[in-house]
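Across the two complexes that follow, subunit A remains constant while its partner is subunit B and subsequently subunit C.
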Partner chain A sequence: MKKKNLLFSSATTVLAITISLVIALVIILCVSEQPGQAVTALLLGPLRSTRLIGSIFTTAIPICFTGLAVCLMFQASMFNMCAEGSFFLGALAAAAFATKVPLPGILGLAGPMLVGAAAGALLCLVPAWLKAKLNASEMVASLMLNYIALYLGLYVLNTYLRDQSFGALASEKLPDSSKLDKIIPGTSIHSGIFLAIFFIVLCFLLLYKTSLGHKIRTYGQNPRFTKYAGIKVGSVIILSQVLGGAIAGIGGSVEVMGMYERFQWTSLPGYGWDGVILAILARNKPQYVPLAAIFLSYLRVGASTMASNTDVPKELITVIQAIMIMLITATALLKGMKQKMVIKEALSSGTDS
Partner chain B sequence: MGQILEIIFTADFLHSIIRLSTPILFATMAALISERAGVINIGIEGTMLFASLMGVVGSAFTGNVWLGVLCAVVSGIAFSGLLSFFHLKLETDIVLTGIALNLMSSGLTIFILYILTGDKGVSTQLASKAVPNINIPLIQDIPVLGSILSGHSVLTYLAFFLVIALAIFLKKTKLGTYIRAVGENSDSVETAGISVNMVRLKALLISGAISGLGGAFMSMAYVNMFTKDMVAGRGFIALAAEAMGRGVPGLSMLSALFFGMADALSNNLQLFNMPSELTRLMPYAFTIVALGIYAAREQRKSKA
Partner chain C sequence: MTDHEQVTPILEMRQISKVYGNGVYANQQVSLSVNRGEIHALVGENGAGKSTLMKILFGMEKPDQGEIVLEGKTVTFRSPQDAIARGIGMVHQHFKLVDSLSVTENVTMGYEPVKRGFIDRKTAKEKVSKIAELFELQDELDTATGKLPVGIKQKVEIIKALYRGAQILILDEPTAVLTPQETEELFDQLMKLKSRGYTVIFISHKLREVKQISNRISIMRQGKMIDTVDTDGITEQEISSRMVGTNYSKNLAKKAAEPKEVLLQVKNLTAVGMNKKEVVNNVSFSVRAGEITGIAGVEGNGQNELIQMITGLRKIDRGSVCIMGRDTGKLSIQELRELGMSYIPSDRMEDGLAVSMSIGENLISTKLKDRRLYRHHLLSKKKIRDMANQLVRDYRIKCDSQETPVSMLSGGNMQKVVVAREFTQQARLIIAEQPTRGIDVGAAKFIHEELIRLRDENCAVLLVTADLEELYQLSDNILVMYDGRFSAYFPNPDQVSETELGNYMLGVKIQSETEIGRGCHEEEKPAI
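What follows is the complex of A and B.
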């Protein structure tokens, strides 16, 4: 049965992706004057050059982190949307630490990342604490916190970190010791990719091989039962959200240290929401996150090539993603087929015996 | 501090509370009607955003402001129809679907705006219309009170009227009773031979229509154009306002007014050289604090 369930969830996913891509084609046909070019760019554009293939991977790195963060938080059945804010604050905190306290060697990398992790964890702690202690809706609190993280971050950036000699609102340049190396010439792929892989493995082990992971999953599947099983619910909620926040925060630090000269986001970059999309695509399982991340960033890079070569704006992809994740969560999509198969199986096993 | 108090007790400030509460009030009522039917509508944020663009587009293309408002309402209904289809028919998780719709709305509005105008941020190229303000006879002549209560947008009065209308609708009409019954005990309603899904569908569509009005207010009264992501979390704040009002229209209106006040306060504090980033985060911080206090009180009550 377990195998069958996997089969059906994969079948639903494939069907969902196909339907949404068909919708994308229809929209392109409706709005574009060069539909052929647009479709080719969207679907095959990312393969045109090494640089573009590289950017599939560099786009996948930050969303891998937020995807893992959201998986961890959702596994505990908490609709905590703070990954967005945690990623932003994590990047800001890392840039702040790197520019104000330049450290040599490996410390130049580890220091900012730890500070970024702490900032991310701290933000996610708020809704977790409100939920665990006061039973307040973590969702509304976390949605508010994203705005708070943004404006607080901009305040800190503007007041304490701003490089006055730079034209736009941005921090000072990160010192070289706080930059992640580019590892493949001709692409923008940086060593953060190893960290992403490391955290994928770590999250998988945490969720499936440790007692904390077991508790998180038990609580997520049946919050009421957990209380009777003698598990301290409050600490499970708080730990899962804080860990998620820390991973999102590290993601933010890796992104700013791998891809940018300075911290210069003046709005939320949206990677936290991508994390939600990834968690849904990967059905909250860390081991599927990389696959989902590559898929999503392939579409993104495709959309960018399409937007720069044709008249179709890249926002098309946000529409497609939304339809995709709605269809993937549509349990009823293949329900009829599943029922038929169960009945058929029951009948055939009946005749066998 | 004295200066702040001076500002708070002016007619202008109270006038601005009513104006700034309007979109939150619409969103709160939209949250209320679906919540009473037992479905939490997270998609209000995105529904309002989509409707605010459609209002602008509709009024620009027809040249008629009311057709623009109608356009916003219809697109609100369409958006929540999409939510209903996925949640009720395809059995998706309502929260995830709501999130998906919000993400979609954020991109879709930019997509449509770009296709129509070639701009990705604002709709200034579209000659959209504004919903007129009205002065209420008699009331406008009362000193102080007149300047607070009169001279608002038609939609503002509609929002407050809607609170009364919803209260009566929920109590006195058949559909209203069904909605409350479905929200309180869906199983027994099903046994009574009423389709829970049909009732929820109607509640969600009404919720979409009200969100549409809220969207129309944003782009045709609050300001006179569409800007990217202009709803700015009001649809989420409404969820808190509805919860704190316990789903009762009158109480929910009071919490919407409270958040409107936070908004007005944050606008005014900029006059005191407070950094704009900090004043802009205040309404959201207010919401979290209010939510926490409310939850703490509820918890104490349930323990007692």
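What follows is the complex of A and C.
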């Protein structure tokens, strides 16, 4: 039965992906003068060069972090949307620390990351604390907080970090000791990928192998039972959100230290929302996050190649994403088929175990 | 009823099958034939499929196979509205009434008489009044339903069904919530309805009542229809053995209690409800090691709030609770559990389990501090599995494996998961709230035996139950709760008859404070 459930949830995912791709193809056929080329670019484009293959991975790294962060928070059934703000603030805090307090060697990497983690954790703490103490809706609080994070960040950037000699609003250049090394020549893949893998393993162990993880998952499934079982509900809420925020914050610092010369985002980069998409695709299981991240970034890279070579804009990808998420979260999809199969099996075996 | 041969059935359900999403048969080729104007009892253990069959008849569930024939015509019900239109009415175990609305408004809801586009209250009241006379309820039509006692609410439900034109009335375990007195009254009214030509389908597992009221009995077991028999031709014993499948002895071996030191001491405990009313009002009692104290009462008289305060789920407004001599006011639930308190909650799905998680995960939820579950500081799958398998065997939990989600289990097996977890943490004080509600006889007996075993091993057991049979079988002494207070204490259950107990449950009789004070088990007179 457990296997059957897994089969149906993966079948639902595959079906959702297929349907959304088919719809994308139909749209391409309708709007494009060169549909053949566009489709090929979308589906096979990312494999055309090492550089493009590399960018599949570099696109996957930041969303891996936010995906893990959201998994952790959603496992506790807390629909905290602060991963976006945490990622942004994490990146900013890391850049601020790296430019203001340049440290040599490994400290140049660890320092900014820890500060980024703290910034991310702090932001996610707010909705968690409001929920634990005042039972305020974490979703509303976190959505609003993202704007506060953005404008607070921009204020700090503009007032304290701005490089006056640079033409646009950006921080000063990160010192070399605070940059992640490129590890494969000819691609943009940086050593942040090891950190991403490390955190995937860490999140898996945390959720499934520790007492705290058990408490988080139990709380997510049934808060009343958690309380009854003598688990301190408030600390479970707060820890799960703080850890999620910290991971998103580290993700932000890894991104800015791996991909950029300086911090120069002036709007929310959207990785937190991608994290939500990944968590849904991975069904809140950290072990599936890398798979989902690579899939999503493959599509993104495909869409970029399509946009630069044909007349189809890359925004098409958002259509695909939207349909995909809608269908995956539509729990009724395939439910009828599952029920029929269950009935057929029961009628044929004739038992009532 | 000797003329069954000439009577054509008003209703036939033929070869009905219903499979639930987890692959379990709720009904397997069940056929049921009901005659016009009879009271037809549908009996079976919990989980035998009675309620599912009736939900299918009332259009709440769609059968996967089979057909329903009503007065010779095949019918399909897509919703309860279809069933109502065909003259079928159902009174559910949990009433579907809006407490703030009046009796008339509840009865006519959705079927209000209309005049010039507006609800015609006058006609509504007249129409309802005519039916209500049958139940001597015509004076209560404007009362808000929430203010009425349970027995009357049930009558309102019946009136509602009749108002909607029911010819066939389904009653799902109607006596479960009633006192013995209210049950008698209900039976009188059912006989009246019968004499007026109504057909009644009466679901129950209380065989004495079934014998008393019904003309014919259909017996279900494990989703199948076993037989339909004339009530006059079968004894309670025979019905029981066919319900359970074997000749089942309900008798429990139990020696006299040997109470020792007090483990639970409740003093002047008070809980104030939402409307500033004391839902638990200055209650004192104690439970000693080696005894089972039963709390009887009609549901909603403060038992639940009392238990929530003892178990730490609800803030204590006034008074104190001492467990093992320690005041629990400042202790967390975890600390209470570490003191040796364990708790079987009345709502196992909501409070006692995380049903989407596996049996093993549910079993370890209160044992996360137990280092034996860890290897290299991480939870070990193997160690959890070994521990869970052991408990699954010891508590005879029927399942594929300990990885099965709890939601796939039957009610009885779910409750065994709760019990297995709660009874294996060095329990000294066991709070058992409706421990066998809605579970099969086998599992219930198992749980009863476990409770007695733990009592004999010197645990203190506090039992709250609405099931009088359970109360009498297990309790060494009985407290009766009425309107947030105790109305009686009986040091020995044999001293009090069920009818007498009913009087105290309804608050018709109340003992003196000195008599009730004996429940504190103190030498001197308790301070009041």
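We take it that the second predicted complex is superposed on the first by the 350 of 353 C-alpha atoms of A that agree within 3 Å, B and C clash if a C-alpha of one lies under 4 Å from a C-alpha of the other, contacts with A are read in each partner's own complex, and residues count from 1 in each chain.
One rule holds for everything that comes next: contacts are C-beta pairs under 8 Å (C-beta built on N, C-alpha and C of every residue); 3 or more make two chains touch, one makes a residue touch a chain.
Note that the structure is predicted; figures quoted are calculated from it, not measured.
With subunit A as the common reference, subunit B sits beside subunit C without any clash. In the superposition on chain A, A:Ile325 makes contact with subunit B only, while subunit C stays out of contact range.
An angle of 70 degrees, to the nearest 10, separates subunit B from subunit C at the C-alpha centre of subunit A in the overlay. For subunit A, the partner touching the most residues, choosing from subunit B and subunit C, is B.
In the superposition on chain A, contact of A:Leu143 is made with subunit B only, not with subunit C.
Between subunit B and subunit C the least C-alpha distance in the superposed model amounts to 5 Å. Note: no residue of subunit A belongs to the subunit B contact set and to the subunit C contact set alike, using the contact criterion stated above.
Of all the residues in subunit C, the ones that touch subunit A in their complex are 17, 19, 21-25, 28, 64-65, 222-223, 311, 313, 332-337, 343, 345, 350-357, 361, 364-366, 368-369, 378-379, 400, 403-405, 408. Those residues of subunit A that touch subunit C in the complex are listed here as 1-2, 205, 208-211, 214-215, 217-218, 221-222, 224-232, 338-339, 342-343, 345-347, 352-353. Across the complex, subunit B meets subunit A through its residues 42, 86, 89-93, 95-97, 99-101, 103-104, 106-108, 110-111, 114-115, 120, 232-233, 236-237, 239-240, 243, 275, 277-278, 280-281, 284-285, 287-288, 291-292, 294-296, 298-299.
Listing the residues of subunit A that touch subunit B in their complex gives 31, 79, 81, 126, 130, 134-137, 139-141, 143-145, 147-148, 150-152, 154-155, 158-159, 273, 276-277, 280, 313, 315-319, 321-323, 325-327, 329-333, 335.
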